[in-house]
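Two complexes, one shared chain (subunit A), two partners (subunit B, subunit C).
Showing the complex of A and B:
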């Protein structure tokens, strides 16, 4: 994985959430952002990292980078597309 | 206004949907829907709209809950027999969802009160059980420029259509005038399968939700019919020329509301 060289506008931790509330929480936060702003989402390995980035992509947003934090969590950088 | 954590959880299945999301849910929470009739159609519609988080729901009905209602009017309970239907419905909706403000109108909706009643709402659901009322709801909605969902059920059959001002025909464009009294039986006389209200009333709730959130295509310019015996739906395209309609046409001849005579019901008179 690439190093963290992306400046996020907003950070979100969904490691305490389970499916589907992981995506729901991410979606609630990203809807509040302006187009082009970047959200960094920390999530657990497994189901969250398999599903949340894909769901965000399905909603039209752009996944910029996924960093492995080496502690069983990942940080997904997503750019908001659309208003 | 941001959604609370409880709201995010309650409406999570809406929020997940690309077409609805937080924005659509907020539209629902800010919306005002009036349901005319807390009966077979109004019951499931009211339950689904309350569950969906429609912020203000008005419900109008003059009747009290009767034992013979309970076979299809699923918002009411045996314990509420004798209670005003609007109060019974309010209880059920508030129990489902405290986010919903329920306005009750325990009154017969007629030509003197309907325009004022519908004025403050964004969308109207016609859940009435007779032709005079259906024409009254239509004409009032045309005059007040309000979108509404028409529906009717009898025996194993149901139908619905949606009127949006300027976007297609109204109920009167299609059906002109109420049929002569006694030409068509009411559902009291003819019977109706309870689940018919569930099918058609839920479709009405869906029309309201789609209108509020701006998702997809409505039944404007179409009549959807359902035949439960054959288990068939038909979506019938309606004539698009509304110019000659007596109420929504270019030169309307109906400019005041009229109360057609209500068909008398033999069963009701025996009470």
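Showing the complex of A and C:
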């Protein structure tokens, strides 16, 4: 099921943000994308990785994959749904 | 001088006051003769703006212009003079505000905001609090008896402090086709019930699952689905004696069962407690064996 060949259209690093700005930043950036484009978001372990993917999904976007970078961060690949 | 006269007449009047009746109607006697702190019925911490306006007007006109927020989500209006009681009751009733209760009976049913408002909520706590209140509020018992309803394992409402605590949870199941193998559910499972294998498939150890539902809440791909249910804790008390309510039953998956268990619990307390004895002390005196048997029977229907 894992697919490491996902090509992101845009990258975002929110490891310097704290809740709720993690999600806010991700939301702002994904708004700028076109439907079907993929955003790769690097975020910290803990609260961000537990909350941000779910919140993006609740906004209607599709979470494709979450990679553990083995350095205390994760990269979440999310496909924009809707304009 | 006017104060003195009022105090004298209050003293005279207070001799003929039936305190038991007033207490039942939510009037708590104050240190100051002839004055009462009026407790209101607030189910699940819910008050409309109209209710609040009414309370404000009553506090302004009949009290000292302030209210006291109680530890169990209630409101009390202190300094209601004995002569004004009927008028205050009518005034409150016009604004849809009902009096609460004190003394040996079922008290205010408390609740957090629950699943209708809170993203963490697993059950509709307000609805359940209203149903419990409808069924039990004010019922006469050997001593006070408290219900509390909290929506999830975060336990904002402190379920285990209550004689009958309800905590929302989820009965969860795994829908593998939706799973993207991200493993976030494994990270969030405090019970250690989940693991992920080399094919990124999740495995669940049923015996460890506490029904907290966090896997469902956190899943970004709807691979976990959950149905709301209840974890019940019994005989908690947080006054003179401190005891955390204990759970003697498995996860309760439907409301009918919950009410059967609640009925059996109240009945047991009614039949076995001595006057003025909190539920926990009844169980300590009698042992928990018979009680557990009674609620298990109710649970099994």
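The rule we apply is simple: the second predicted complex is superposed on the first by the 80 of 83 C-alpha atoms of A that agree within 3 Å, B and C clash if a C-alpha of one lies under 4 Å from a C-alpha of the other, contacts with A are read in each partner's own complex, and residues count from 1 in each chain.
Everything below uses one rule, namely that a residue touches a chain if its C-beta (ideal position, glycine included) is under 8 Å from a C-beta of that chain, and two chains touch if they have at least 3 such contacts.
Model, not experiment: these values are computed from the prediction.
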### Message
Which partner chains sit in contact with A:20 here, subunit B, subunit C, both or neither? Use first/second/both/neither.
### Response
first
### Message
A:59 in the overlay: touching subunit B, subunit C, both, or neither? Say first, second, both or neither.
### Response
first
### Query
Given the touch rule stated above, what does A:31 touch, subunit B (first), subunit C (second), both, or neither?
first
### Query
Where does A:42 make contact in the superposed view: on subunit B (first), on subunit C (second), on both, or on neither?
neither
### Query
For subunit A, which residues lie in the overlap of the subunit B contacts and the subunit C contacts?
none
### Query
How about subunit A: which of its residues touch subunit C in the complex?
1-2, 45, 49-51, 53-54, 56-57, 63-66, 68, 76
### Message
Please output the residues of subunit A touching subunit B within their complex, sorted ascending.
### Response
20-21, 23-25, 27-28, 31-32, 55, 58-60
### For the subunit B and subunit A complex, residues of the former touching the latter
2-3, 8-9, 12-13, 15-16, 18, 21-23
### Summary
Within the complex, subunit A is touched by subunit C residues 179-184, 187-188, 199-201, 217-222
